[in-house]
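Written out below as structure tokens is the structure these notes cover.
Order of writing sets the labels: A, B, C, D, E and F. Residues in every chain begin at 1.
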Amino acid sequence: MGVSGRILVVNPNSSEPVTAAIEAAVAPLRIAGGPEIAVDRLRSGPPGIATQRDADSVVLPLCDLVARDPSDAFVLACFSDPGLHAVREAAGGRPVMGIAEWGLLRALTLGESFGIVALSPASVKRQARYVRQMGLGARYSGSWPVDASAEDTAGDAVRGRLVEAGRRLAAERGADVIVLGCAGMAGHRRAVEDAVGRPVVEPTQWAVAAALGALRLAAC
Amino acid sequence: MGVSGRILVVNPNSSEPVTAAIEAAVAPLRIAGGPEIAVDRLRSGPPGIATQRDADSVVLPLCDLVARDPSDAFVLACFSDPGLHAVREAAGGRPVMGIAEWGLLRALTLGESFGIVALSPASVKRQARYVRQMGLGARYSGSWPVDASAEDTAGDAVRGRLVEAGRRLAAERGADVIVLGCAGMAGHRRAVEDAVGRPVVEPTQWAVAAALGALRLAAC
Amino acid sequence: MGVSGRILVVNPNSSEPVTAAIEAAVAPLRIAGGPEIAVDRLRSGPPGIATQRDADSVVLPLCDLVARDPSDAFVLACFSDPGLHAVREAAGGRPVMGIAEWGLLRALTLGESFGIVALSPASVKRQARYVRQMGLGARYSGSWPVDASAEDTAGDAVRGRLVEAGRRLAAERGADVIVLGCAGMAGHRRAVEDAVGRPVVEPTQWAVAAALGALRLAAC
Amino acid sequence: MGVSGRILVVNPNSSEPVTAAIEAAVAPLRIAGGPEIAVDRLRSGPPGIATQRDADSVVLPLCDLVARDPSDAFVLACFSDPGLHAVREAAGGRPVMGIAEWGLLRALTLGESFGIVALSPASVKRQARYVRQMGLGARYSGSWPVDASAEDTAGDAVRGRLVEAGRRLAAERGADVIVLGCAGMAGHRRAVEDAVGRPVVEPTQWAVAAALGALRLAAC
Amino acid sequence: MGVSGRILVVNPNSSEPVTAAIEAAVAPLRIAGGPEIAVDRLRSGPPGIATQRDADSVVLPLCDLVARDPSDAFVLACFSDPGLHAVREAAGGRPVMGIAEWGLLRALTLGESFGIVALSPASVKRQARYVRQMGLGARYSGSWPVDASAEDTAGDAVRGRLVEAGRRLAAERGADVIVLGCAGMAGHRRAVEDAVGRPVVEPTQWAVAAALGALRLAAC
Amino acid sequence: MGVSGRILVVNPNSSEPVTAAIEAAVAPLRIAGGPEIAVDRLRSGPPGIATQRDADSVVLPLCDLVARDPSDAFVLACFSDPGLHAVREAAGGRPVMGIAEWGLLRALTLGESFGIVALSPASVKRQARYVRQMGLGARYSGSWPVDASAEDTAGDAVRGRLVEAGRRLAAERGADVIVLGCAGMAGHRRAVEDAVGRPVVEPTQWAVAAALGALRLAAC
């Protein structure tokens, strides 16, 4: 049915393990009568978004991809929300959701102060800027780097570091909600939540849930 | 299937026209294979939430209703988000979404500064407090009262005043997104949007969309 | 003389030891020619305000008490300031002061950044919301829980934990003023101040002082 | 009795009409058995605090006055709160209250957003800085200048301009509480309140009420 | 002398009139013994930065230009500060200054609240995001669009609209400093200042002054 | 040439070692063809600005000095920016730059969050107030006292404590830029930067660079 439509979740990096983690994370949002949810990676993207240049380098490719793709809604599945506003221009009114944006918004409903598990010190700086840009500084406890690449986070070896980061954010910064600051970390959500004892938000899931809502509500 | 579950949308006032407006607003979120979405009113509630006492008077009844209701998730469909945190205690871990909360969060993704169409000057004050409590003051342009009751807003006569409020928020306060500050206003969303030329958020829809997401994601 | 009037200090919980602590705390504000200061407890209240439901459960009883009580001003002596705005509606223009409100305002005049000694982690969350609601986040160092009930704090055994919380707020959070986050803690003010070496605010005292001022100034 | 003590209210300017206005404003706070309340002007002060230099010029004289005066508490009765922190150093632990400080704090308890009636555009700038310094920007609607000297405001001719400023702050800036931004305006409080229909705060009254509270509570 | 070095001011758009306006604006900062100041345009850039895509499209070209250019410091002369952080990565430690960044910082020293003359409603939104990202929202009065392209602003016909925007920002938004929100507006600075009666900041000048400072101070 | 003009850097304290440190710090900003840069101390000033009274005591002498001095621009070289706004009134339109002001603004361009190395706990409080007054709280990590006088900081013995303060601000408060909170610390800038591994800002240098810019741009 036309109402149901199609959501394209784009991983702005070209990593297959990260894409697979995203694929698994969003699967529960596929509903019989609901929108198709497709996941793809930006084949021309870098293997991970590590530097600011990496983030900026995918903006035009994402704009071009969205401009020519017939999907009804889009999710940018990188926690830097690269090119979010430019892609919205390219989408011609179709919904475009950023995962950092929706991960942080969801966190606001689960506690008073959120912390973010970050890839690296450079990610910490980008997140500080982004939280301020969103105007959410009053709810932000800080970010904690795990010194890993996006692709690393899709593997098992990093789990202990994610848990440690979550614990430090809770104990030393007073975070009562943890947000996973990379799409690749999706498979560790429950383990980190169980170990840290605080709600943990997997951001791609919430951006897709929002896209689903936007699609259903577009006609009314 | 158990995963799909049931969302109960509770109108904390006892007004039938307001409840009918809510019912119509959330209908597009009923998806084959997705959660059941039930809408009910608090029969013991006041006809509308006008005073702070009205808002506070429904908290314990809402807690009691949620504690004994077997639904899997709840939406409190009054823009004062009455008793949101107490109801969460009563829900024993089941998701509870407030419509002001989610209406404002959705607005953050549609523009830089949101304004709220309010029922009355007393509502304007409550909204100012709530926006500060959520830590969203940096994105808030203000509220504009239409001097109507909740039940009034479910009728046609109020539409012109809603449009006028939206226009004033845009022109005089710089709002680039408008949030409807009462569940009863739901039926006017598109008309206000068309007349004002800014995105208009119907908050109950987004609280239900969030509840739907929470239900689907609860098991993973 | 009519000008002097009567201030009713209501302890929203039913605890006798907490009420006795309040009684002792406000005694110095009784002045020969000044207002009568009466202290009472809400007999229908819970033994302490521990949960959000506890806080919300006393709102209507407090409104009703104030509506029928002939006193000239009221102080709500629970640090959750339960029902402050609803009670103001019920008071018909007579002053109603909250102890959290006035404790925090007094703290602003004694240092740059205040910390709050809290009963429990749940209180910490309520305080975070309330500080944001008041718009005072720029002056807030945080809250530190002592894991005690309101009634516990009126006894001697808790003193060491109050001192420890004050020290942690000063040393780890940079608080240069400490606010006691429960009316029951009143009897420990001086001891905590001496031990921590920072000004310590007993909030009920300052709400009563404000009520006294409001009464004297009401006619001019 | 020693507990009662003496509060010295110092008008940092040398104007007799302003001093007389202060004298009248604080009279209701004289209570049998309560502290003596003396009012004086800084004879070496300028006729009014108009420029930043005026404000800064009275700091050392105020420090010296307080250091050698045996009063138990002090109120600095100029809305620039000149030298508040230096005078506190000079007071050796005795309470020193600023009228801007306490006028703004009182306003926080009467509405959501306060506006200030200012003497001049230069005062508006000083007030903007001071509100930020206090960390109260989230509650501030702005200041409105009446283009008058401090001494002018103690006369009758200025009343219409004060009312007009209050009305503009309410209607155009959304202020729901008005603070009189000069001690000389004290005699107009009730008239402005009646004309504007919003609570109006006379700041010297509230600084004296706070000094009274501090004196009574000093020993406990 | 090596210390003096070379500053390259890059206009990220390809417009010759805009580049000429920049050239004239920075001329007074050329000092006999000081750094060389070169001005160039990004020949591959769009004729003006109007959309978010325009802004994002110049990031990689700017990074590449800076990476291979031997200048000692760089100024990005577009008020969107496009790619500021990515270009800093590319500059290998050499100073990179954004004109929005330095225009806003200079404005903070000239008044309490700044307003920005913007090209278009889309620029207004970008500026709102950028002011928040910089954490300067407490000093921001808003932006006013003149509905012109960058190249338009380098001509004479736009001057009246710039003056009008400055006047509206001062009168309706309370701005006491005006920032010109496009490098092309540089030639109108004095005229707008004279007409509006408020200090007006030409941002490229202050970014170049900062680059000059950074170069002189790099060795110590 | 008239354009070049003369900048007078005034050390508000009378300390010769502090003045010598300032002299050395600003030397690189002397450019052939650029403004003369003179450094002097306020001979009537205290040996260091330790108390709030110290800071306030130099305001009128600074105003008088500036009013009668024929220099074209002024820098107040004390991190309390004493009398900044009064001195601006006295300067009759000539630029007056504060070193705290410009040190903090420069820091905003080097990282996300700045920390300040302070002389004493009293300085920490003044800095907290000043950062709020400037509206920069969203970028402030805190201040760390070294328990030294201004004159102490001009010597070698204090260097280890400065490094330690910088390290604590980085590690415990998350500062990614360090600002030296006293003009006397200037000679340690590079050593602290090398030891801490974060950019370190010497504030007098940036206030002088800004004065230089203002002088060059005054005529256009």
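Here, a residue touches a chain if its C-beta (ideal position, glycine included) is under 8 Å from a C-beta of that chain, and two chains touch if they have at least 3 such contacts.
Quick caveat, the model's predicted, so the values are computed rather than measured.
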Discussion item. I need the common contact partners of subunit D and subunit E, sorted by label.
Written reply: B, F
Worksheet entry | Copy pair subunit C, subunit D: interface residue numbering same or different (half cut) | same
Item to complete: Compare the contact pairs of A-B with those of each option in A-E, C-D or D-E, and report the one where over half match by residue number.
Response: C-D
Worksheet item: By mean C-alpha coordinates, which chain is most distant from subunit B?
Response: F
Fill in: Centre-of-Cα separation between subunit C and subunit A, whole angstrom
42
Worksheet item: Counting in whole Å, what is the centre-to-centre distance of subunit E and subunit F, each centre being its mean C-alpha position?
Response: 26
Worksheet, complete the sentence: Cα centre of subunit C to Cα centre of subunit E, whole Å, reads 51
Practice prompt. Quick one: report the Å distance separating subunit D from subunit F, using the average Cα coordinate of each chain.
Written response: 32
Item to complete: For subunit C, jot down the residues that touch at least 2 other chains.
Response: 129, 132, 134-135, 137-138
Discussion item. Per the touch rule above, enumerate the chain pairs that touch, sorted by label.
Written reply: A-B, A-C, A-E, A-F, B-C, B-D, B-E, C-D, C-F, D-E, D-F, E-F
Discussion item. Under the definition above, what is the set of subunit C residues touching subunit D in their complex?
Written reply: 3-4, 25, 28-29, 31-34, 97, 101-102, 105-106, 108-109, 134-139, 189-190, 202, 205-206, 209-210, 212-213, 216-217, 219-220
Worksheet item: Which of the residues in subunit E end up touching subunit A in this complex?
Response: 51-53, 55-57, 59-60, 63, 83, 85-86, 88-90, 126, 129-130, 132-135, 137
Discussion item. Help me check something: in the complex, which residues belonging to subunit E touch subunit B?
Written reply: 125, 128-129, 132, 137, 142
Item to complete: Mind listing the subunit E positions that touch subunit D in their complex?
Response: 111-113, 138, 174, 176
